[in-house]
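Okay, so chain A shows up in both of these, paired with chain B first and chain C after.
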Partner chain A sequence: MMSGYRFLRMIRGSLLAAILLVAAVFVLFPFFWMLSTSLKTEGRGMKFEFLPRRVAEVGPVEIDTAGVRVGEIQFDRTTVDETGVHPALRSAGADEVIFVAEEAKGKRVSGRLFPKDTEVWAAREALPAGNWKITYTVKRGWKAAFFNLYTFNNYRRLIRNKSFPFKTYLFNSFLVSVSAAILTVILCALAAYVFAKKEFPGKTVLFWSFMAAMMIPGMMYMVPQFAIVTQFGWINTLQGLVVPHLANVFGLFLLKQFMEAIPDSLLEAAEMDGATETTKFLKIITPLSMPSLAILFLLTFITQWNNFFWQLIVNTPDSPYITLPYGIALFRGQYETKYELMMAASSFSIVPIVILFLFTQRYLIEGLTAGGVKE
Partner chain B sequence: MSTRQTHREVVPFLLPFTVIFVIFLFFPALYSIYLSFRKASLYSDLTNIFTTMKYVGFQNYIDLLHDRDFLWSLVMTTYYGILVVPPGIFVSLVLAALLSNRLPGHKIFRSAFFLPNVLDLFVVSIVWTAIYAPKLGVLDQLFHALKLPVLFKHGILADPVWALPGIALMVILKDSGFGMILYLAAIQNIPRDVYEAADIDGATAWQKFTKITFPLVKPVTLLLIVTGILRSLMAFPEIYALTQGRPFQEIPNWVPYFAGATLGMTKIAGYYLFEKFYLSYQYGYAAAMSVILLFISLPLSFLSFFALRTEGPSVGEMWRKWRRSRRGISMGNAEGESTSPFGEGLKPGEVG
Partner chain C sequence: MIRGTNRTPGIARKGGACLLGILFLFSVGCGGGRIAQEKGTITLWETYNNEEHDVFMEIVKSFEEWYAKERGEEVHVRVKRIPFDQHIQKIKFSAITRTAPDIVRVDAGELIDLVYGQIVYDLKEIDPKIEEYLSTFMPVARESVRIPLRHPDGKVRTGVYGIPDQLTGVAIYYNRTMFKEAGIPFPPRTLRELRDADPPWDFKRFREVAKALTKPERNQYGVALNSSLWFSLPFFNAFGADFIKIDPDGKFRCVLDSDSGINALTALASLYWDGSEPGAWLAGAINPDRGFINNKYAMIVSGPWNLKTFRKSGVDFGVTFIPEGPNRREIPVPGGGTIRVGTSTNVGGTDMAILKTTRQPRLCYEFLKYLTRPEVHAKWCNALGQIPVQTLAEPLVDFSGNPDLKVFVEQMRTAVPRPKIPRYGVLEVSIMVPQIERAFRARNRAGVRLALGKAVEEIDRRILRDVNVPR
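After this line comes the complex of A and B, so read on.
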């Protein structure tokens, strides 16, 4: 009887686990796909192909040999893609390439390609003029097979790209997020200390009018904030990106809640010793509210890292402060269908935050849920 | 005398925050209304466009009420809200209910579901273009592999009927982890003995869920409904990244008012506002639109405020209790309820 009950529980448990697993796969699949696509060679990223193959068949590829100089035809010059080189034959490492060419009339030629240089395989003899359908069989070692499928080239190409300097975008994103986070923490901590530990006339009214700003959705501020930033001449500047978001009302509330928990007796004791407000703030309040400051720092960092909308508005395409999301948006204009590159570009924005999340998730979840997320 | 001393010392602490607040939050709220009564002249250049705007009275508002695209965007926003909010809440609740069993590894699952929340919606949407892409995309390959008929010739995002549900699916998968965390906190706050009593009465699992769990997590549900509505009203990055308001479709004759017009099937209010502002530089018009949207969203905020107030323990309270019981990270006042500026029930931010 007891064992039957335990058995049922086990079944139920594994069923639940299975459902959760399926759900997790659903939720995380896009990010897995992003990474796998970004790490594959051109044209292979969007295929369900994860294991490298030593012997691979490529093609059939159509070649029109009419009008080609007699003597040598490079079999890799095909009409397959706009680069003119079939990906499978371009990458080095194949030990042997065998081809079978068929013409519409039933003519059939087969043979072996020789390595012309590291990138190109060519044939010794010419195919007669006509439309040929060619199938290649590529044989290679494991290492070559692996690097034929997987590559870091997409990331390398982005970092070295002259017209879309992703290295700069990445740096700018860090610059904007870190400076916004530091300044927000400072501003909010200063104000929160006063609201938590001081009495002054109009305190309640002031605090409430700050809080009321949380009722207004961020999108409402788009036009007037842009107008102000334009009139300040802050378009395409760092301050234009950072300063408008510094008065973080939610951050003020979060820190105030924390600081209220700091015992008054500590401050009174310091006052007896003749401490000034500045000393009290720096020596007592700041060290004791470190966890909350860290939470606010993390939250602001992530919010600004993800603040695509504002970065789009304040930057023009020739701005020196183009950040990752806007950079990706610009990059997309030219490379929309190059999925391997697009996914690599996306991982520039996503991977740092995922790493940050893995190390600080407890605090992040705490901070985000404490405020019911203010956007 | 000592009080006067204190006041002066308060100023340097308050000033930086207040100055930024006034310039970039308080003033813009008023400036928005001011701009909504004005129109940018065609010939002024960008540097002084805002100073040369002409006063046009209520013209912008009148135009908006006759703007078929705007009214259509409100219709589509409502539809989008229906697509995103209830299914999102459902998924959150189911995930939380499953996780509350504390299976081995539940923390890993919790992190996995929550992770997409901290990522940029715009970039995540870009990632989803690789899933929704015609032919090459995961969805089409999957349909192909399963030998299902290809429903969307040019990809789901080019399909007038399914584009918006496609976007909604992405948003639900990205955001439901957040609701899950809140529900989880709420569920684990329900005292065990309530369930034990139900067990003694012979209640089934379903009865326990509908009669105990669901009513007791109502505040979270309300919070998610309201934030969901507000987010739908302001939704922008997902539309910008995936469809930019496309596809366009001629509205059939049986639809009142919109019949015959060719309208964007994913052009929801947030995106339309952006379009008027960013693409056609109609700043006054966009400002007027944002004021109208504000007047739609404010009552909703207040509604939630009162709904949440009267519904027993607030989300904030539940969350704090749960966190204290589980990890003992001290945050805020241990008995911080009385210090809340929002009174007993609600903590700010919960309104969205």
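After this line comes the complex of A and C, so read on.
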């Protein structure tokens, strides 16, 4: 027999698991939506449709069999014209297509269409002249139904599109993000070491001046930074994209706080063994700060990976350094957005971040829990 | 700790190699910058989508061939795509760094910002007869490039700052299946049908239909609205509300809080108060386009850009006019004559502008004129299913395969130009959207009056004060 306490624990555990599951679904839903949209056939991206349907009803569409097109479908006397066929009827793999045509005067004709070729279905018999409203019932097998809703074409179109050099954009994004992340970590680590472990006149004032700069909204830096980049002739260059973001005050603060926790006795011991400043920094400070360095690397990488506006203004369309956020924005027009292609490009764009997380998660957990344990 | 220390030399070596690599890339990455202006070559930045870009490139090629044949000179048009998002900022920044192209394609509402920034050519300087050339354009398209500026003498003069290249506006999309289920006849699809409609397709009828189509138990609503100014302008226009008036001393003044303006916004908000509109404009709600595709909203206000998307999604829809308001006007129709109707719409689209940094303004102008030649423009409209800006192209455009587009073309005849003031982004996002939403939430006419009064006050303070500075 299960004791009351164990039963209560089991109930509590199950409840907690259920809550976590709901929270996980909630958190992961945007990711699921992005992925499913990227795999949907054109025009279906905005539909709340995730499960394939074997039987679909299409229409009604209005046609004038006397030759004048009323709706978007052209149905001449013998066949459905390929140029005007309703998209749902252009589906490969349908098992059966049944049509019901109703005329304004009440006349009703129904029948089966036959596959004209691998994709298009056509009527075998002519409809008498008149205005008809036709409804189609399309029946498919599971496989065909699945591929009627989902496709890999968006990814293919993305990679093979000549006017959209996706691989170049991806490489440039990677280059800019990695360069910015590495250089930011180096610069911030050096500065943080000095602020954490050295004494010099005006240190506190200087540090808090830097901290005060963190309170200024990022957009305020945009114009002066842009002016500097322009003066240096860095438009359309890697330097223009990377250098203005290297002096990261938040990074300095993060690393300084972490380095302050490293016991001074370690550095004193190293000094007594004859270690130089460089040795102390490289052999003691850097390895012990690795979790915080990893966090800063990751944060900088993600920020630069998603940075759109700076990359937009520093690159002209001729630039060899056009990046992925700029490229993805090309799918968003004045009024319409190509959701399926945009989501396919976005799905690709998160891959490096996921890989980076996988490689740095140990350091991240160490970094996040570092302050949680008191000795 | 020891483990970390032991790995340091490896990390240092790898880190050093990375650093050297980056420094190398930085050294070879130097250069770039200004766009070279070669004789006979012009650079154009555009924001077209993939399909439009492909058709545009064909037209560019035909221009180069035509120019070589007609003028005996080789020219080259370098076309570069930029994202539509933030395109005005991009152009402004490039003008500062002298990396701007010769021609830019800009949103019609944002061209004014470039004009106030004094970075685009007044085409009257290149061709004094430009007004004559534009006389064959759709009036509202023509108006999108004719921009008045207040000069130091206090007088307002109108310049021509571009050539319209795309025209768009909104009408009502309706779900035919829902209409049929509710036993409601389809609304009119031509201006003549609108004039003769019985019962008339006016705002009263629109409100009744929206109520009849609302079935909250099925999560189905009669209409879905957008709270932006641009999407509300057709209703303001149909009610005869003016936006800006120019005083005799040349000062611009916002008059949107007139009785007509309050009536228009009250009528629009009443759809939400009735429960026929579910609050599609609220943050996080299903937006009108998405709800329409998923058969949740029976009617939405949208433009021709959605025709293809809606068709592909399989929704059974039709297009009709913005319901009539009290502002009945005589609308000229092709073939002569006029039709008196009370419908109206807004004006969107894009213009091509020549930047003052160009060294070849005449060649740029020739190219823009070529784009809007009737046969060239008709090719563009036929390939992409777009509304012609050049009326001479209209007979050459085949609407038979796209009857819904024809409704939009008819609706555009009733359009009223949008307010010709700069900082459209501020006007829309920071001023009008919050106040329109405030009016919707008010649930009474007094609240609508307050919201519009506040909007006018903000427009005067944040936009018109600067506009009234002589230039």
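Convention: the second predicted complex is superposed on the first by the 216 of 375 C-alpha atoms of A that agree within 3 Å, B and C clash if a C-alpha of one lies under 4 Å from a C-alpha of the other, contacts with A are read in each partner's own complex, and residues count from 1 in each chain.
The criterion applied here is as follows: a contact is a pair of C-beta atoms (placed from the backbone, for glycine too) under 8 Å apart; a residue touches a chain by one contact, two chains touch by 3 or more.
All figures in this text were calculated on a predicted structure; none of them were measured in a lab.
Q: May I ask you to decide whether A:Phe253 touches chain B, chain C, both, or neither, giving the answer as first, second, both or neither?
A: first
Q: Between chain B (first) and chain C (second), which, if any, makes contact with A:Phe309: first, second, both or neither?
A: both
Q: In the superposed arrangement, does chain B or chain C reach more residues of chain A?
A: Touching more of chain A: B.
Q: Can A:Leu282 be said to touch chain B (first), chain C (second), both, or neither?
A: After superposing on A, A:Leu282 lies in contact with chain C but is clear of chain B.
Q: Considering only touches as defined above, state whether A:Gly141 meets chain B (first), chain C (second), both or neither.
A: Neither partner.
Q: Given the touch rule stated above, what does A:Ala24 touch, chain B (first), chain C (second), both, or neither?
A: A:Ala24: touches chain B, not chain C.
Q: Is A:Arg332 touching anything from chain B or chain C once the two structures are fitted on A? First, second, both or neither.
A: So A:Arg332 meets both chain B and chain C here.
Q: Of the partners chain B and chain C, which touch A:Ile216 in the superposed model: first, second, both, neither?
A: Touch status of A:Ile216: first partner only.
Q: Have a look at where A:Ala261 lands relative to chain B and chain C in the superposition and call it first, second, both or neither.
A: first
Q: A:Phe48 contacts which: chain B (first), chain C (second), both, neither?
A: The answer is both, since A:Phe48 touches chain B and chain C.
Q: Taking the contacts chain A makes with chain B in one complex and with chain C in the other, which residues are shared?
A: The overlap between the chain B and chain C interfaces on chain A comprises residues 46-48, 186, 226, 230, 233, 308-309, 312-313, 329, 332, 336.
Q: Provide the residue numbers of chain A that touch chain B in the complex, in ascending order.
A: Interface residues on the chain A side: 13, 16-17, 19-20, 23-24, 26-28, 30-31, 33-34, 37, 46-48, 186-188, 190-191, 193-194, 198-201, 204, 206-211, 213-228, 230-231, 233, 243-247, 249-250, 252-253, 257-258, 260-261, 277, 281, 291-292, 295, 302, 305-306, 308-309, 312-313, 324-325, 328-329, 332, 336, 339, 342-343, 345-346, 349-350, 353-354, 356-358, 361-362, 364-366, 368-375.
Q: Inside the complex, what are the residues of chain C that reach chain A?
A: 1, 4-5, 7-8, 11-12, 15, 18-19, 22, 25-26, 29-35, 45, 47-50, 53-54, 80-86, 89-90, 93-94, 96-97, 99, 107, 168, 176, 289-290, 293-294, 303, 305-306, 308-309, 311-314, 316, 348, 350, 400-403
Q: Provide the residue numbers of chain B that touch chain A in the complex, in ascending order.
A: Touch residues, chain B against chain A: 3, 6-7, 9-10, 12-14, 16-18, 20-21, 23-29, 31-32, 35, 46-47, 49-51, 95, 98-99, 101, 103, 105-106, 109, 111-124, 126-131, 133, 136-138, 141, 145, 170, 173, 176-178, 181-182, 185, 223, 227, 230-231, 233-234, 236-237, 241, 270, 273-274, 277-278, 283, 286-287, 290-291, 293-294, 297-298, 301, 315-316, 319-320, 323, 327, 329-334, 336, 339, 341-342, 347-352.
Q: Give the list of chain A residues in touch with chain C in this complex.
A: Touching chain C from chain A are residues 42-44, 46-48, 56, 58-61, 68-72, 74, 84, 87-88, 161, 163-164, 175, 178-179, 182-183, 186, 226, 230, 233-240, 242, 282-284, 286-288, 290, 308-309, 312-313, 316-321, 326, 329-336, 338.
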